[in-house]
Amino acid sequence: MRFFSDNAAAVSPAVLEAMLAANQVDTAYDGDALSQTLDGVFSDLFGTECAALWVSTGTAANCLALAAMVPPHGGVFCHAEAHINSDEAGAPEFFTHGAKLMPLAGVGAKLSPETVAAARRAIRADVHRVQPHALSITNATEYGLVYTPDEVAALSAVCRDHGLGLHMDGARFANAIATLGCHPGDVTWRAGVDALSFGFVKNGGLSAEALVFFRTDLAEVAKIRRKRAGHLNSKGRYQAAQILALLEDDRWLVNARAANGAAATIAAAAAGRLLYPVEANELFLRLTADEAATLRAGGFDFYDWGEGEARLVTSWDQPTAEIDALASAIRALP
Amino acid sequence: MRFFSDNAAAVSPAVLEAMLAANQVDTAYDGDALSQTLDGVFSDLFGTECAALWVSTGTAANCLALAAMVPPHGGVFCHAEAHINSDEAGAPEFFTHGAKLMPLAGVGAKLSPETVAAARRAIRADVHRVQPHALSITNATEYGLVYTPDEVAALSAVCRDHGLGLHMDGARFANAIATLGCHPGDVTWRAGVDALSFGFVKNGGLSAEALVFFRTDLAEVAKIRRKRAGHLNSKGRYQAAQILALLEDDRWLVNARAANGAAATIAAAAAGRLLYPVEANELFLRLTADEAATLRAGGFDFYDWGEGEARLVTSWDQPTAEIDALASAIRALP
Amino acid sequence: MRFFSDNAAAVSPAVLEAMLAANQVDTAYDGDALSQTLDGVFSDLFGTECAALWVSTGTAANCLALAAMVPPHGGVFCHAEAHINSDEAGAPEFFTHGAKLMPLAGVGAKLSPETVAAARRAIRADVHRVQPHALSITNATEYGLVYTPDEVAALSAVCRDHGLGLHMDGARFANAIATLGCHPGDVTWRAGVDALSFGFVKNGGLSAEALVFFRTDLAEVAKIRRKRAGHLNSKGRYQAAQILALLEDDRWLVNARAANGAAATIAAAAAGRLLYPVEANELFLRLTADEAATLRAGGFDFYDWGEGEARLVTSWDQPTAEIDALASAIRALP
Amino acid sequence: MRFFSDNAAAVSPAVLEAMLAANQVDTAYDGDALSQTLDGVFSDLFGTECAALWVSTGTAANCLALAAMVPPHGGVFCHAEAHINSDEAGAPEFFTHGAKLMPLAGVGAKLSPETVAAARRAIRADVHRVQPHALSITNATEYGLVYTPDEVAALSAVCRDHGLGLHMDGARFANAIATLGCHPGDVTWRAGVDALSFGFVKNGGLSAEALVFFRTDLAEVAKIRRKRAGHLNSKGRYQAAQILALLEDDRWLVNARAANGAAATIAAAAAGRLLYPVEANELFLRLTADEAATLRAGGFDFYDWGEGEARLVTSWDQPTAEIDALASAIRALP
C-alpha cells in the first residue's frame, strides 16, 4: 500500500482511452486537431482568454513559465522549500540561463505578502544586486497547504507594486481547487496570477501537464523555448488527449476530491500527530522510528521526512480499503 | 494520403498495449521495473555494455548526448543541414550552454572523413578559436542516405586523431539498419560511435526515444541533465514500455522495413526524378509546381523542398494502396 | 619591425597622462566624474543622444551589444569571417546564452543587402528554425574594407524590413572614418545602426573600448549585464580617462590617419600583390613562402594568411622609417 | 574624507610607473614578456607550482575560478553574505551557466566546518537535488574577519570528504595576510585551497587582479573561458605590470598593513561600538542616525549598514590626519 507519492499512481482509464482514440494520422507537433483546441478549452475553463501549452513534466512547465517572465540576470522569489528550489535539479536556473532563485521563509512552504515585500525592499536597486522579476508560489504547497484567492490577491498586489510577475506552480492545483471549492479563475487570473503550471500527471495523467498563460503575450516565446528545450513532442496529439480527457466531465476535480478525501480520512485518524493542517492530499506526521517501522511492517510505504517525521501522500486511485487500513493502523499506534 | 512526415504516423498497437499493460502503481521517475531493464536490453541488442535513457524527443536525445561530450566553450562538427543545426531551434546551443555548431558541407547531408579532417586542421589551436569536441552525424541522413559501418569507422578514425567524441543522430536508425542489414553494433560502437540517439517515435512509438551511451561513463551526468532539462518524466514506466515493445520481436526492424519498402516502391516509379539515391524512407524528387499540384489534386500530401523539388517520406504504417497509388500517380505525370 | 597586429602597438602618451591625471580618490565603478561624462561626450560627437559604456575589450563590447538585441533563442547574421564568429572563442554565444551566429558570405568579409535578405527569406518562420534578431557588420572589415554610409543604410533597410537590430563592430571604426571622411553619425545612427563597438585599444588606448548605444533604451540592461560579466571595473575613472583622451583634439582620427597612411604607403609598393583594396590599416598580400622569408629576414614581422598569402597591419605609432623600409623591401622582392 | 570603500582609493605610484615602463611594443594578449612571468612569480611567492591569470575585476576572478570547479548542474556553498552571492549581479550563475549558490549562515560572514558538513549531509544524493561541487570562502570576510590557516584547513577537510573544490575570494587577501603574519602559502594551498582570487585593485592596483590556481590543471580551461568572457585584454602587459609592481618589494603587504593599521586606530576609538572584531580594514559600528549625521557633518563619508549600523573601510593611502580625525570624532560622539 503506497503512500509515498502521487507520482506512482496509475493513469486514469479515461486518459488511456483518449490516447487510443487519438491514434490516427494527424499533423505533427502541436498542429493537430486536439492540440489546437487547448487555448479554447482552457479559456472556457478559466473564464478568460488563455494560451495553453502541453509539456511532459511539471518541471518543464514551471521553468518555461519562469523563463517567460525573468531575464537571465533577474531573480525569482520563492519559498526555500519550493519544488523549483529544492527538487528540480537546477532546472529553473537552466531554463532561465542563470536567474537566481531567492528563497524565502514561511510555515508550510507558504509565503506571506509581508515576507515578499520585506525581501524586495531589502534589495538595493543597483547593478550589483540581482533584482527580482517574479514570484513563484505553489498551490497546494509542498506541505499540502492551500492559498485562498484572497491570499493570492494579497501577494499579487505586492508583485504589482514591484513589477514582479506571478507564477503559480499547480502540480496539485486540482487538489487546491477541490479544497477551495472556488472557480479556478478566482485563485489564478482574478487574483493576479500571470502563468499557471496546471498539473495532471499526479492526478491521473500519463505524461502531460498544461502551462497556462493568463498573460497570453508570454506564450509566443514560451512556444519557441519549449521547442528549444526538446519539449515539443512530435506526436503532440497524445499529449493534448490526456489533458482533454481529464478536463472532460470534471475528472480532474473528481480525482482530486478522491485524493483529498483519502487524506482527510487519514488526517482524522492522525489528528494529534499532524505537523500542518491537511488541506490537500499530503500529510506530514510526527512519527517515531518505531512507529514508522510498525506501519511499514503493516505494508504501508511512505517517506521519512527528517527525524521523527513522515510524509504521506494519497492518490486519486487509492483503494478505500487501503485508506481505511492506514487510518486504523495509525489509530492503533501505541 | 500523407507523405509529408513519418512524425504524423500513428502509434503501433503493440506500443499502446504495452503502455496499458504498464498501467499499475510503480516507483516514480526511472525507478520502475521497466526503466531498470533498459541498460540490459540495449546491451544485449548491441552486444556491448550500454547505458540507455528514455527521453521524449529526438531533440532531447541529441542534445543530451552532445552536452555530455562538449563543454560550453567547445564546438560540434555537423553537416550544415543536420537536424541539430537546422531544425532544433537552437536546442544544442541551449543544452550545451552555447557550444558552437560548425556546419560542414557534403552531398545529401553526408560527411566525408576528408571534410572533417580538413575542417579540424583549419582551426588554429589557440584560445581565440572555438575548438571542436565532437562530430555529430545522422544515420540515415536528413536526405535519406545511409552511412555504412566502414564509412562511420573512417569518420571515427578522424575523431580519435583529434580527440572528438562521435555522436550519431539515429532518428531513423532503424531505417538505416533495415537497409544495411548489419548488426546494430557494426555501425555504432564497433565503428567508434560514443552515443546514439535511437529513434522510435517516427517508427511506431508515441513519445519515447532512447539515448544510448556506448561510453557508459557519460551516462551519469546525462541523467542529471535529463532531470535538469525537465525530461525526467515522473511516470517513466510508460516511456520504457514503448521502447521495449518496439524492440520486442524486432518490431523496430519490421516497421522500418515497411517504411523503406514503401519508399523503394515509389523510388522505382520516380527513378528519373530522384535527387538522391533512396536508401531509407525519404525521397527527394524533381517536381515542377504543376506536377506537384497534380499530385496534390490526387490527394497526396508532401513538402515542397525549394524551387522545383519535393520531399516525400513514407511511414511504417503506410497502406499499400496509398503507396501504389502514389507510384502510379508519379508514373502518370506527363 | 612589427606588422602583425595593431594590438601590439604602444599606448598613446596622451592616454597615459590622462590616467595619471585621474589618479585621485573618486567614486567607484562608473559613478566617478569622468565616467559620468561619457554619454554627453559621445552624444556630442555623434550628434544624437547616445548611451556609452566603457568596457575593457572589443569582445566584451560586441557581445554586450548583441546580448542587448538578441534573445537566447535568436540568431545573429554576420560574415563567416567576422571577428565575432571566428576569433572570440564563442563569446557571443556565452553572452547571449546560446544565440546562433549565422555566417554569411561576401568578398573581403563585407556583406551585401542581397545576401542578408536572401538568408532571411530562406529561414522558415516556425519554431523549429532559429530566427535571426540582428545583423552584425564590421567597419572597417576584418579584411580592411570600409562600408560607406550608403552601404550601411542599404543593410539597415533590410534589417528594418525583417525586425533585425543592427550592430557595428568598430574595432577599427576610427580607421573607417578616417578613410570615409564623413561625420561619424553618417555611417552609424543616420544609416540605421543601433549599437556601435567603438574601438580605442588598437588606436592608442590601453584597456578601454566604448560600447555606444544609439537606441539608448538598450543601455540599461547592458549595464546590468556588464556587471554580471565581471566587466564593471571598480576604478572606472581610469577607463573613462582613456577614451576621453583619445576623443580630445580628435586624437582618435589623427591616430587612425597615421595607421591608414602607413598602409597606403605599403599598398602603393605592393600594388600587384593586393588581395583586397586597402581602405584602412590592413593589407592582404600574395606572398610566396620564399618572399615571406625574405621579408622576415629583413626584420619584418607579420602573419601568414593561408597558403601564399600574408596579412600586414599598420599601427598609429608605426615609425615612418619602418614603413618606408617595408615598402622598399616589398618593391625589392624579385 | 572617504571611508566608504577601498575601491575608491587611488592607484599606487609604483603601479603607474610600471605601466609606463611597459609602454612599448610587445606581443598581444598574454603573450608578452611580463604576462609570461606570472606563473613563476606566484609560484615563488606561494612556494608551490601555481598557474596565474590576470583579470580585470574580482568578480571575473571569482567566477572563472568557480566555473573551473563547478559544472552547470552543480552547486557552490558560500556564506549568504558572500560577495559572490550578494554583490556580483549573478555573475557566478552567468560564468558557471546556472550553477546554484547555496547560502550558509555564520557570524561575520565566516563559515564553520560544522555548518558546511551539515549542509552537505542535508542534501540527498539524487538527481532531483543540486549537488554541491565547491565551497567558496572570503578571506578577509565581507565583515573584516580573518580565517586562520587552521580554520581553512578544517574547512578543506570537509571539502575533501565530500569532493568539493575550495575557492578563496581574496579581494582583501593582502589584508588577511598582513593580520595573520603567516606565509601566504599557509592559509591557501597548504590549507587545501584550490584556487585564490588574489585582489590587488583595492590595495593600490588599477585594473588587475590575479586568479591563482594551486590546482594548475584547472588553469587551461580557465584561460579559454577568460577569452570567452571578453577578459583577455589585448594589451595584457599593462595588466601584468600592475601585479608585478605590487608584488615587488612586498608593496602588497606594506599597503595592506597601512590600511589595517588605520582600521586598528579607528577601532581603538570605537571599541564600544564594534559589531565584529576588526581583523582587517573594515569596521562595522553601532551608530545612531544622529551620530552618523554628526560624523558626516564632520566630513567623513561612509555607508549606512542597516538600521543603526555603519560600515567604514580604510585604504592603503589613507592620510594619517584623516584617520586620527575620524578616531577623535568617534571618541567625541556623545
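Chains: A, B, C and D, in written order; residue numbering restarts at 1 for each.
Rule of thumb we're sticking to: a residue touches a chain if its C-beta (ideal position, glycine included) is under 8 Å from a C-beta of that chain, and two chains touch if they have at least 3 such contacts.
Computed from a predicted model, the values in this text were never measured in an experiment.
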If you tally the C-beta contacts for B-C and for A-C, which one comes out higher?
-> B-C
From the C-alpha centre of chain C to that of chain D, how far is it in Å?
-> 34
Approximate Å spacing (C-alpha centroids) for the pair chain A, chain C | 50
Starting from the mean Cα coordinates of chain B and chain C, work out the distance between those two points in Å.
-> 42
Check: chain D positions touching at least 2 other chains come out as 72-73, 88-90, 94, 97-98, 127-128, 224, 227-228, 232
Chain contact graph, described as a line, ring, star, complete graph or other shape | complete
Note: in the complex, chain A contacts chain B through residues 2, 5, 7-11, 16, 19-20, 23-29, 55-61, 63, 88-91, 94-95, 201-202, 206-207, 224, 227-235, 238-239
Parts of chain D lying in touch with chain B, wherever the complex brings them together = 71-73, 97-98, 127-128, 221, 223-228, 232
State the interface residues of chain C toward chain B in the complex, per the touch definition above.
-> 72-73, 75, 86-90, 93-94, 96-101, 127-130
